Structures are given as structure tokens and as C-alpha cells.
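One structure coming up, written as C-alpha cells, with questions to follow.
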Amino acid sequence: MGAVFQFWGEKLSFLRKVEKIAEDIKTMRVRGAARIARTAVEGLIITAEESEAKNEEEYLKDLKISSKILVSARPTAVSLPNGIRYVMKRVLKAYRDGAKLEELREETIRVGREFIQNSFKAIEKIGEIGARRIRDGDVILTHCNSSAALSVIITAHRQGKKITVYATETRPRFQGHITVERLVREGIDVRLIVDSAVNYYMDGVDKVIVGADAVASNGAVVNKIGTSLIAASAYLSGVNFFVAAETYKFSPETTAGRLIEIEQRDPTEVVDREFLKKNKGVKVLNPAFDVTPPQHIDLIITERGIIPPQAAIIILTEVFGWFVEEEDMY
Amino acid sequence: MGAVFQFWGEKLSFLRKVEKIAEDIKTMRVRGAARIARTAVEGLIITAEESEAKNEEEYLKDLKISSKILVSARPTAVSLPNGIRYVMKRVLKAYRDGAKLEELREETIRVGREFIQNSFKAIEKIGEIGARRIRDGDVILTHCNSSAALSVIITAHRQGKKITVYATETRPRFQGHITVERLVREGIDVRLIVDSAVNYYMDGVDKVIVGADAVASNGAVVNKIGTSLIAASAYLSGVNFFVAAETYKFSPETTAGRLIEIEQRDPTEVVDREFLKKNKGVKVLNPAFDVTPPQHIDLIITERGIIPPQAAIIILTEVFGWFVEEEDMY
Amino acid sequence: MGAVFQFWGEKLSFLRKVEKIAEDIKTMRVRGAARIARTAVEGLIITAEESEAKNEEEYLKDLKISSKILVSARPTAVSLPNGIRYVMKRVLKAYRDGAKLEELREETIRVGREFIQNSFKAIEKIGEIGARRIRDGDVILTHCNSSAALSVIITAHRQGKKITVYATETRPRFQGHITVERLVREGIDVRLIVDSAVNYYMDGVDKVIVGADAVASNGAVVNKIGTSLIAASAYLSGVNFFVAAETYKFSPETTAGRLIEIEQRDPTEVVDREFLKKNKGVKVLNPAFDVTPPQHIDLIITERGIIPPQAAIIILTEVFGWFVEEEDMY
Amino acid sequence: MGAVFQFWGEKLSFLRKVEKIAEDIKTMRVRGAARIARTAVEGLIITAEESEAKNEEEYLKDLKISSKILVSARPTAVSLPNGIRYVMKRVLKAYRDGAKLEELREETIRVGREFIQNSFKAIEKIGEIGARRIRDGDVILTHCNSSAALSVIITAHRQGKKITVYATETRPRFQGHITVERLVREGIDVRLIVDSAVNYYMDGVDKVIVGADAVASNGAVVNKIGTSLIAASAYLSGVNFFVAAETYKFSPETTAGRLIEIEQRDPTEVVDREFLKKNKGVKVLNPAFDVTPPQHIDLIITERGIIPPQAAIIILTEVFGWFVEEEDMY
Amino acid sequence: MGAVFQFWGEKLSFLRKVEKIAEDIKTMRVRGAARIARTAVEGLIITAEESEAKNEEEYLKDLKISSKILVSARPTAVSLPNGIRYVMKRVLKAYRDGAKLEELREETIRVGREFIQNSFKAIEKIGEIGARRIRDGDVILTHCNSSAALSVIITAHRQGKKITVYATETRPRFQGHITVERLVREGIDVRLIVDSAVNYYMDGVDKVIVGADAVASNGAVVNKIGTSLIAASAYLSGVNFFVAAETYKFSPETTAGRLIEIEQRDPTEVVDREFLKKNKGVKVLNPAFDVTPPQHIDLIITERGIIPPQAAIIILTEVFGWFVEEEDMY
Amino acid sequence: MGAVFQFWGEKLSFLRKVEKIAEDIKTMRVRGAARIARTAVEGLIITAEESEAKNEEEYLKDLKISSKILVSARPTAVSLPNGIRYVMKRVLKAYRDGAKLEELREETIRVGREFIQNSFKAIEKIGEIGARRIRDGDVILTHCNSSAALSVIITAHRQGKKITVYATETRPRFQGHITVERLVREGIDVRLIVDSAVNYYMDGVDKVIVGADAVASNGAVVNKIGTSLIAASAYLSGVNFFVAAETYKFSPETTAGRLIEIEQRDPTEVVDREFLKKNKGVKVLNPAFDVTPPQHIDLIITERGIIPPQAAIIILTEVFGWFVEEEDMY
């Protein structure tokens, strides 16, 4: 990014701040899908406040530079470009509708704050909407430790519904233990099982609720390894499978054919070094996520409402703009 | 059993030995489906050799007493009554066909040794038959640590076929580690994965091969927890699912409606006591096995040939006698 | 509602009329999804004509009061809020686009009449669109007595196509008898069967066509008890399953997570009192509707075109406004 | 049959009695699958007791004449030829094994009585075997009014298991009312529903248990109209579907390609004459049975044990003789 | 059309040209979905350039006349009305937004050229988007000879990915031979098989990619005979099935209930006349296309992005306007 | 084989004849599954007639030598070992039951002739049994040119049932043309289609009937390439899929794990040499058969009755002996 700075010189002080933000995202000082998206949008608000552009066109150029810097900070994060696109789509529309420089600044700030606001309330809103689908007496199975999924369960519980939860331990990192702690604290009846006991208990389950790391344009859900296996089991047992996901988890890239890459994590999460030394030649594969196909998902609960997975593309279209035209947003 | 001894008195020295065997089975000094069955059949051979019966009827009475003692040593073991029934069915038939006392003794010993012999060779035979189904280049997924399943894989490997194996770690007791060690020692290309990564890799798998703790009369297979989940994944991906099982694993009880009971094991296999103390109220459920329905199983490889699961009842009929008539065997 | 009236005083004469309309809906003097929606929209037209608001904001307040009164007259009716939302969405947009008081009044009246007009023609339009999918010689199965479904069948028949219809008797109230009468009058070849004979005849059926009481945001269809059972049979036999439903049957509430409640009707529709007295303790359950999942539905025929069930949310988005933002419409 | 009598003359007094029995079956003085089979076998016992045959061949000729008369009394009854074949198969085997005239008589009588005895105990035995599959707390759905299915339910209930039963009313003849009465008398918690509410409640059902009018060689089950529809619903919801059927309900004819014919009953069971007069041209179709395919059946509970439907042919082979060779039995 | 000309007289010289274009389409001098659509849109551009309309209303009348002439030139071509609707929708919107006569002309020309431009680049764009879904080492099966499908394969190949292709010969006209020639020329590893060998090789296939002649509003795909059979095979083997289709192949007519008609081609494509003469009475049926249901399609790759088939209606809504309101566009 | 002859010397003239028969089979002077099996059994009859054995043991040794020579003549033919096993199983049983030398000879000849007789009548018998499953008005689809399948169709037609047949052309060798000729000659209404049009017409088909080259022990059917694809289509459309196969087509080898090998035929059956020369590098794959899994087969029609595919192993058990014990038969 250095080259750009040399070129734009001293005047562009906002760029310094935006680059600082990008740095924080790149080095993972800022983490978590929601925080990353909000922080990036802050970068656009700063641009709006500090850009010294003289006319609308210069202003948009500044915004696009900031966008590019921010998006490239972590190209694989799904929420980051969504935050940027949310703002840019609306600002570009205002420009096309004839808004003047100051109006564009105001719109940028207004829309940016709206996004941040929505993001903060998303988990709560998902809890509220999702809890309406939970009945008194429901037995729910969850996997890993998802704020959105837990928000649904805990909201229903606080509404006085009696809930029983099966929580998987979630190998290799046992995030299920955190889920158990959280639910026990709420006073919810929770049962811990190993991941592979899912099918054994599925017949007695009413609903599976999990979170998402990303939702593809065709409604496929990327989530913690094991999710697609649980979905297969639920599908064959006729059990409803719900995903709780904030809209900024929806991946516009996938409409353009790009696949969400699945990270391979360190073998030592699975076995100790001793084992590796002793069993020369064994490969320990440790994928972080898998992909659940839309056919195995009944509903996706977002902060904007409940949709069938095949309507994921509507979220992408309505909230973040249409298909492959995105290119010119940054 | 004491009462029986007082009644029968000194002469019945064989009963002492049979009771000793039963004791060894009960206290698990003798373990493993195959060993239990062979040891029980030894009990019948001893009865044949040492019974002081004066005529055919007395001899059968002695045999039935031994049978009862042996079978009740561990009522839930599937292989035990199978061993007994294998011998009794043939001896009773010889009796009905008019065999005399000495012929009955000889038949008991001959058939008993045949059973023991078959049992010793069963794993090897399964390896030989099953390996014919493995092609050069096959990618095989296995779960837990089954001698029968490994026999198929290793035999194919020794025939010069290039095999790649995915082995699940098999929570909570990590039997997959033993599988890995065994396969690495053979020089087979093996990849260890957590149980919940099964669906992620299923698309690249050619065959799943697992063992069995028991095979029900309708072809359902009882095996290590997680097996039915893997079968669900294989089914939905169109991957062949094979079970390798000795015929003495087939459960005649299930034809009479009795279910195979699934053992719940200790929570501390799953979490440590610390966790339980900290999270008061959490239930840790730890079922040892689950049941894979016949619809998700393509073939069962036995030492007597390959059958579709729906033909399990033929094994029960042909090898161990027909349906509910078993009652009068012991 | 009394408190509101005291507060607003004499001037608000339109409220009297609106409340009268709400009363008629509440007491079921006005019945039927279509009539309820049209009558409620009349209430908004009256508000537009008689509101004494001095400016745009006052006018919108009046409209929202009327909306609230009308919608709360029968909270479970799906068509009622749809009628209100259809008008309010467009009036609010006009307001945001800068329309003045008189223009808002006119828009309210124009859009209100458009809705009423569309509603009147919806059944006919569905008949016309749906009939294009019927081929000469088709064998159609229908359940209960749906105007929309019959419109498709009769329109196709009048176009000269030879149609054979299986009509279920539809226990417990035998609405199938009315269907038979209607079709016999049209000269259509009709066969009456008991509800449980559906699967027996399904192999010879080309299409199932039923109506809907409500369509959820994920494309699930609420209709007369038995519909989901017929859909299961059609699904397994590879027979097309069509739903004919006016767009005001689409339930926006379900996008916000609310479920459509299934009414339990009186046991005496199923058995006589004699039976109940004689069989003390028996529970007679008599649900009025069931829910057919979108996976078992091929197409939904609306007066605005044919959609796959997963696109139900497009109807809700395009026709009645987007997701959970609805709150501020009334 | 008259011609035969003239030919055989006075001596063949047993034929008179056999013909009388055949007459009783034909005119339905003897009804019900079990009673018909037992009565026909009585005819063979009478033949054994009264035949004046001088040698084995003459005796077999007499038996075959009786068999032919009995079987042709009601060619569509499944149990009738099964009874005959049960006896004849064993007598013919004895003949081939060298049995003499008196031994053949004795064998006929012994085997005949065995069949009758088994038949009397079959329902009870099915109850005992089937009840082992019922768990405490099970919710069971049943259709029509089957002694065998009710035997399973009531036996489980008497064993102290808490059972809840959904009983369908079973149009058009409401046999479900008899089921309700029977279960209420036993003190079982029973819920009556219309036939088409089956899918609505299926999610809360643990097992479906129905009877059978006939079981085909491929495991397909012929039973009261509506059974196959319930099976479709159970299949799609992952609910176990059990059939309780005595072995004499298994149809050997279907191995030879013959189909079981489905009776069409009188329209006035469905509607009154008034309706028919008013709606000229309507066809009221009233099939008595439908056919449930083996893929939708989990287990068949017989008095000889539990089998998967694909093993139906084993019952036919083992109990009633092999495939198409039946021709020469009568 | 003659009557129209007489009525409009000399002044309407643009109509001559438009009619000439229509004639070229009708007589198939202009062929191919893309060329037909582009040529028809040229007709609208000519109308814009040469219409002598005096005001906006007259101008729209002229445009609608041209539209009607062009669309009726080949009523079954899917792309033709799409081209017309693409332009008309935007021009009508401009008119409603208050555009003046000259602005309307300009908009017509601008939008028309945009459509033509997009059409030219569609195949290339589909290749680029689709290739992102192809992995190194993928085995792809294709059917017939589709530019869009081949664009995906060849683009991926040129990106350096190793691709193996199974190409079906595609009876009766062997278009698979052209596909083979094209791929061999590119240096791609290609295997030719008869159409019926598809299932034999399906297990080793990673993705099926085919083109489309038309995409219905519910996501069903009309394509070369055999496509739906391949999709059935892929579906049952768990192999991804992709369709590559330009957006102008999406059929708006099907939202209005109209079916896409399947052409029956000449028998002599299948057998020679000799055969027909020799086998009097044989019917040789030769349908050109079949219909693949959306349930068997994973993704549709368009030049505007990738969608699940159920979202086909979004393309129709967003790109070509909403549902049945289309009537008044021409 | 020369070495054997030197060892046994002049006396063993029967071996000359047996070796001559083996030679005829090896060089394909004797072809066709049925003829091969009958000819091989002739070899055993000759052995019985001409063996100069002095006692039972010598005689069996002679029989086993003949068996070995015959079976190794064409190791991949399924019917050949079946014929041998049919005879040997019964002769060995007679020996175990105490039959003397002359009785063994007679039994060999009797059973051998029985097998030959059955084989001659098998096609006719299959026609008779299968035709009972055909209803008046049935639309049947068949593939390739199978005597057994045509026997069913033609028998039904001759019984006066109106049958319509879809015949696939069956690339690459167009055996469907022979089928058409045969059916036209019978006066049956026949429609010829290309192989890939199968799914297009499947909805209007009542039954698919095909032949078999081999039936595996799990009921999988090896038949002309394309069969498994048609079965997939039938399965998804809910159309019955019947296989007509003589019992000597059942493959006992597959119970022992051996797979039936699929022959790859010459590329020039698919394309001409010109094409291959022009498209250097293209591989033309031409497998002769594929394998239809038992899940997609409803019934197998044999000359001994109708079975579900899962009961194939019963045919192997009952007719040709049990599982892997076959080794000692020759």
C-alpha cells in the first residue's frame, strides 16, 4: 500500500487511519466476523468525515480507495466486503440520484452507522425471531459454540419455554464445553455428547440449530467441521435443521463463482507430537469447516427475517446489491 | 448354581469345569466375542467327554444343563448363544436322525471343534473374501478398530493393491489411534481425522468398511458409536458401505423380538471430573454403540461369503437354526 | 379501542366506520380470506376519504390507527394484514417520494381499489394461468373444496381439454361432496374416493392440485387436514403437486418467525356424542389444517404468475414489502 | 364336483364331509383367514381318518382330491392354500422318505393338528414377540382393526409399558371405532383421528403397527385401504413401520407371478343413494385394500419370529415349500 | 402483417426494416438463441432511430408495434421476447419517470446496445465465472455440444487446471463428436462414450456441466434429449450437476403458466428409410429436448452470476420484469 | 490338460470327450449362457456313462476331474459353474446319504437331464410367470434384446392383453432394432427411441422389463450398458423395474467376493477409424455392461418363481449350494 501513499501525499490523512484499521484487521488485532465488518465500515465513516475531496467524483474516488484498502486486508473474510458493499451500494445510488458532495458525506455516515447499529443488534434480533419457532418442550441439538444459535435457544428459554439441549463436544477444540457452560449458567437442561453420538440421539431431537461462518449464494452454509454430517443425519431422520446467521455472513463472492476456502488447521490440535513421531507417515488432516448443502437446511434465521436457503440470493441482492456487477464498487 | 451341584452330587465333575468356564466369562477373564464363543463351546466338548450319562436322553440333559450355565454367564453377549446353538442344533438333529450315545458324543466333539476352527480362521477368511472387492487405488474410510475390517484392508494391501485409508480418531477412547498404528506398520497410506470430518472427506472415498459388534436378524448392524452417522453420510454421497462381521456376531435373539441393548459408559471417558464439578447439572451421555439400519448397508462380508443385509436371516436360519424354535435348545 | 376514541374525540368520524368494519370481521359477519382483505382495505379507503388531517404526517397517523384497528380484528387471518400492507407500503413510498396530502389521499384510494379489483379477479386469473399447465387427457386429484384449484380444473375443461378428476371426500366435513357437485354440474368426469384411497390411485394421477389457507415465507403451504399426506404420496410416486393460491394468502408473519397456528375443531365433527359417552377417556383430535413442506410442492399458481415454493418470499418482498421492517407500517 | 362323486361312488364317504366343508367356506359360513385355514386342514385330517385307500399311492390320490376341492372353495383366500400346503408338503416328504400307509395317515393327522394348534396360538405369540420391540413411553399409530397389531399393543401395555395410541377412524366403515373401544377397555391412552390427519401427527409417533390381509413373496403387504398412505408418511418422517401377520397370510401364489386382487366394494359404504341420484355420472370408487411396498416396511412380526420384508420368501420357502413346484401338491 | 402496413402507410419506413428482420428470423436465415435476440433488439434500435413519432405516446406505440412484429416471428424462441422485454422494460420505466421523446429514443438505443454487448460477452463471462468452480484434477461429464458449457471447461483448462472430460456421443445427431474435436484441439483429455454409458462412469465424475435451450421460471432446464437422464444419474450418485446458461435463455412465459413445447424431429435421424419400410407399424419417436427438474440441478451459471435453480425467477424479475404484468410491454 | 491324460492313460476315454466339449466352449463354437451350461452338463452325463471307476470314491474323482476341465474352459461364464454345481451338489448329497456306485451314476444322469430340461423350458416358463404381472393396457419399456424379457411381453400379448412397448435402439450395436423386428412381427405396438430419450418417456411407462447377463448374490444385475441408467430413471419416477433372468444366470462367485468383470469392447463399434485418426488422443470407452444395484430393482422373474433382488442369495443357496463351501465340488 506504500506506493499509493507516496502518490497521494500528505493531504490524505484519512488514508493513514484507514490503513491503520486495515493493519489491525490483517494482524487479527480485530477479529470476529461482526467486529471486522463494523471496524471496516468505521473506515468509510472516517473517510467521509476527513476526505478533502472538492466534488462528488473526487469523493467517490476517495471512498473507493478506502474500500479497496479495507477489503484487501483480509480477502477471505466474508463479512468485510459485505460491510463495505452495504455502504457503497447506497452511496453510489444517492450519487446516481443526483446527491451533492455534502449529501454524499452525510449519506455515507448515516448508512455506515445504520450498518454498525444493525450489526450490534443482529444477534439479539436473531434470538427474538428464532425463538418464535421454538416450542415449549423442544429438544434442540447444537454444534460448536455459536452466539446466534445460542441467542435463539436462550431467548426461548427466557420466554419460559422448557428446552432440552444436546451439545456436541466439537472436536478437536471442544468448543462444546463453552456451550455447555453457557447453557448451564442459564439453567437450561443440557446434555453433552461426543460428536459421533449425534445420530444415536437424533430420533429424539425436534430441531437442530447451528451458526454459520458463511452462507453461499445458493444457500449452502459453511460452518464448523461436522455441521454437514449432523445435517445429513437430521435430513434422514426428518428433523428440522435451522441455521442462525447474521446477513453480513452471506457471501456475495460465491455468486461470482468464487468458492469459500476451507482452512486446514494444525495437526497438533488433533494428536500430540508424540503420536506423530511414533507413527511416521500418517497424515493428520484437520479441516476447520465443512459445507452443508441447501437441500439439508430448512430455514436460515437472520436478523432481517427467516428465509429458506434457496432465497439466500435475495439477501445478497436486496441488501448488498446484485450479482457480478459488484466489481465497480471498489 | 450351587443348588444344582448339591442336587447332582459328586458324579457330575464336568459341571465343575463348565461352571469354572462360565465364571471366567462372567468376570471377563475371558473377553472378546470370538474368545467367549470358543471358550463356551469348549465347555460343551468337556461335557461330551466327561458326562457319565447312560443313554441318549441323559446325555442331552447334561448338554442342556451345560448350555444353560454357559449362556447365562453373559446374557448380552451375542456370540455366546451362537456358539452353543451351533453345536446343539447339529447334535439334536443327529439325535432325531437316530444317532446313539457314543455317536452323539463324537458329533458334539466334532462339531464343537469345527466351530472353534472356523472361528480361528474367520478373520483371515473375511480378509480374503473382502479383499476381492477392493480395487487398486481405492480410498477406504474406517471407524474404530475392527480386526475384521482391517483384515480386508491389509489383505488387499498385501495383494499389491494401492490403498489409501481415512481412519477416524473414534471418540471418546481414540481407538482410531490403534488403527493408525496398525496400518502405518503395514506401510499403508493412512490419514487420521476427527470423527466429525467424515462428511467433509466422503466425496473422495470409494468404500467405507467397518466391523460389527452384532448383526440383527433384519440386517441392522450394532457397532461403535458413530457408525450409523458415517453410514448416513455414505448413503447420501452414494458411497458403498461394507460391514465385516464373523457369523457368530449375528444375533438370533432379534428374530424373537429382543432388542440388543446399548450400553451407556462412564462420563469420565468424555470429560474429566473437573468439568462435571464445574458444570453442575450437565448430563454427559456416552453410549458405546449405535445401530445402522440395513437400508444404509450395501454388503456384509462374513467368513462364509458376502450377503446383502436383508439376507442376515439366512445366516441365522442356515447356521444357527430357525426363528423362535430355539427355546428348546437349552 | 374505547380509549383511543375518547382521546381523538368527535372529529374522527371515520374511526367509527373503521371500528364497525373491524367488528364485522371479528364477529365473522365478514368471512373468507378474500372478503376479509377487501373489507379491511375498504376501511383504509374510508379513512382516506374522511380523515380531517391537516398535513401529511397527521394523515399517515390516521391511516396507521385505522390499520392497527383493522389488523387486530382477527390477528390470525393471513389475508387481512396483507391487504393493509399492500396499501400502506405504496402510500408510505409515495410519502417518502415527496407526495403531498391530497396526492396521498388519492394514492390510498387508487391503490386500495387496485387491491380490491385484483382480489376479485384473482381466482379467474389463477384459473387462466393454471389451465395452461393442464394437458388434454390429464387425470387430476384434488382435496377438499378450493375455489382456486377448481378454477384451474374448470378453466382447462372449458378450453376443451378432457379432464378426469379424483375428489377426496375430505373427512370430517365431507367438503369433497361439494367439489363433486360442482364438477358434475360442469360435465367433468369425477370419481369420489375416501381420503385414505389416495395412494391407491396415485400411480394413475398426472397432477395433484389443491388450494391453500396460507403460504409461509419458505413456501410451506397450510391447507385442509390431509393435504400434506397427499403431498407425501405424490412425492413418492413422482406426481406433480400444484398449489393454487391468491397472493394475499402468503403470510408475511412467517418471515418474522411467527408460526401459523393450526386450529383444533370440535370432536363432534368426527364422532357423535354417543361414542364419546361410551368410550370414556378417548381423545378425539380434530386439527383443521396441516402443513405441506416446500420440498413436496412443485409449483404455486398465483394470480401474478407461477412460482416454485422457494420463491414465496419474492411475493412477500415484491408485493407486500421486505422482511421484518413491516413493524412500522401500522 | 358332482362328476367326481359319481366316479368314485359310495365308498368315498370322506369326500362328502370335505365337500361340506368346502361349501361352508364358499358360502362364507366359515369366515376369517385363520378359521378358513383351520377348517380346510380339518378336511385333510378327516380324509386321513376315513380314506379307504389300500396303499400309499391311493392314499395320496385321496388327499390330493380333498386338497383340490378345498382350495377351489375360495380361490382368492391366501390362508387356505397355505394350510393345505403346510400339511401336504410334509406328508409328501414323508412319502418320499419311505413312510408306509399308516405312517402317512398318522403324519397327516399330526401335522394337521400342529397347524391348527399354531394357528390358535399365532396371535398370542405375535403379541409376545412384537411387544419386545415396544418401549415404555412409545406412541403407536394403528389403522383399521387388526387382532395381530392389537395383540402387540395390548401385550406391551399389560407388561406395564406406558403406551399412547393414535387410532385412525378408517373410512368408509369406521373399524377404528372398534379399535378405540378395545383399547379403552384395556385402559390404554387412545386418540381417535380422521384418516387424513395421519401426517399431521406422524412426527410425534414412534412406531406404526398394522395388520395384513396378505403378504406377497417380495414382502409387499396387502392391507386395509389407507395402509400404504400411512407407510409413505412414516417413511418420509423416519418412523418405524411394523406389520403384524400370521405366517398363513403369506401368499405363495405371488412367487408364481399371480397378483393379489383388490376387491372393489359397494359405493354406498362411502355415500348414500341420495348423493348418487343427485350427482349423476359421479363414480364412487371403494377399493377395500391397497399394497404397501417392502421399501416402506421395516419389520414383519410373525408367530415364528421377526423378519425384514425382503425375507418373506424365506417363510414361503421354509414353511410352505419352494417356489413354483407347488403345482403337484394338489 | 400486411394489413398493418396498409393502415400505417408510407411514413412508417422503419416498419419495412423491422418486418424484414422478422422475416429473416421466421425463415431461419437468422438462427441461434443469441443471434435471434440480438437481431430483434436491432429492430428496436432501428425503430428508435427512424420512428417519426411526434410525442412520447406515439413513440411508444411505434416501439410496441415493432415489438409485436418481432416477437411473433418465432413465438417459441425463448431469447427473442427476452431481448425485447429487456429494452421495453427500461424504456417504459424511463417514460413513467418522466423522460421526454428524445430521451426515450436515446434510452432505447443505449439499452439496446447494452443488451447486444452483454450477449456477445455472455459466453466468455460464463466461462470465467464457471471456471472458478472447477478444481485442478476435476473429471467433468458433458452432453451434446454447448458453447456455454465448453466455455467453462476450456477456461478452466487454460487457467492451467488439469481437466478430464467425458463427452457423450449424443444420439441421434452425434453432436458429441463436435465436442470431442473442440476439446482435442484444446489439448484436453477427453473420452467419448455412448449416451447410455453415463451411469457406468458417473461414480468417477466430479461434475456434470451442460448447456440449456431454455430455463423455466421454476428453475427447470430444457436441454438436448438425454440431459434429464444424466441429471437423474448424477443426483443418485451425489455428483454436482451444473447448467451453463445465458440469462436470455430464461423463459418468462413459464411464469405465466405456458409450457415450453418439445419439438419432435424426423424419424430418419434415428433410423434409415429401409428400416421403416421393413418394420411397418413401428413408431420412431425423436424428441429434441427433455426437461430436467430443479431438484436435480445444483447451480446455474449465468453471465450475471451463479444461482440455485429455484432463484431462476429472480433473473426473470430483476432482468426482464415481474410475472404476468408483461402483457402490456408489446 | 495334456499331462493329466498321460497320467490317466488309455482307459479314460470319457476325458477325451469332455476335453473336446471344453475346447468347443473355449473357442466359442458353443456360445450363449444357456447352451454353454447345457453342453457342460452333457460332459458330466458322459462321464457318468463312461467312467470305468470301480467304487464310489473313484467315480467322484472322475466327476471332479471333468468338472474342473469344464469350468476352466471359460472361467468368466456365469452359467457354466452353475450347471456343474447343480449336478455335483445333488450327486455329492446322494453319496453322503449312502448311495452306491450305480445309484450315483444314475443320479448324475437323472439330475443332469433335469438341468438340461429345465434350461430348455426356462425362457418359456419365465414368459408364463412374468406375463401374470402384466396388465391389459400396460406400457412397457425394454432395453437391448433379451429373450427372457421378450418372452414375458409376447406371452402377455398372446394372452390378449394390449401392450405398448418402448424399445431403446441400444447403442452402440443397435440390438433394439432386432427387438423392434421381433415385436412388429408379433403385431405388438412398438415405439423405437434413442437410448437417451428414456427419461422423457418414463412418466408414461408402467413397467420396465430387461434381461440379465448375470445376477450377483446381493441381487445386483449385470446387463447391457445403459440398464443401470434406465433403472435410475425408473426409480426416480416410481416406475416398476423388472428383470427376467434364468436361475443359471445367478453368480455364486459373487458370494465369495469375486466381482463380475465388465468387458471393454472395441472403439470402432462406437466411431469409425476416420474419427479416431482425426481426433488423436481421444479415448473411446465402450463397456459392454453395467451393474444395476438391487435398490433399483423391484422383482426378478426366474423360471422358478418371482423373487425380490435381495433374495437372490436364496436361489444360490437352494439351487446351487451354500456360500463359499463350493470349493470342494470340483
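Each chain gets a letter, A, B, C, D, E and F, in the order it is written, and its residues are counted from 1.
Criterion: a residue touches a chain if its C-beta (ideal position, glycine included) is under 8 Å from a C-beta of that chain, and two chains touch if they have at least 3 such contacts.
Everything numeric in this text was worked out from a predicted model, so none of it was measured.
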Those chains which touch chain D and also touch chain A: B, C
Number of steps on the shortest touching-chain route linking chain D and chain E: 2
Other chains in touch with both chain B and chain F: D, E
Angular offset of chain C relative to chain F [C-alpha, multiple of 5 degrees]: 180
Chain centre separation in whole Å, for chain F relative to chain A (CA means): 59
Centroid spacing, where centroids are CA-atom means, of chain B and chain D in whole angstrom: 36
Overlap residues in chain F, where contacts from two or more other chains coincide: 236, 310-311, 314
Pairs of chains satisfying the touch condition: A-B, A-C, A-D, A-E, B-D, B-E, B-F, C-D, C-E, C-F, D-F, E-F
In the complex with chain E, residue positions of chain A that touch it: 217-219, 254-259, 294, 310-311, 313-314, 317, 322-325
Chain C residues within the chain D interface of the complex: 168-172, 177, 180-181, 184, 189-201, 225-226, 228-230, 232-233, 235-236, 262, 270-271, 275, 278-287, 290
Complex interface listing, chain C residues touching chain F: 203, 236-238
In the complex, chain D residues that touch chain B: 125, 128-133, 298-299, 301, 303-308, 310-311, 314, 318
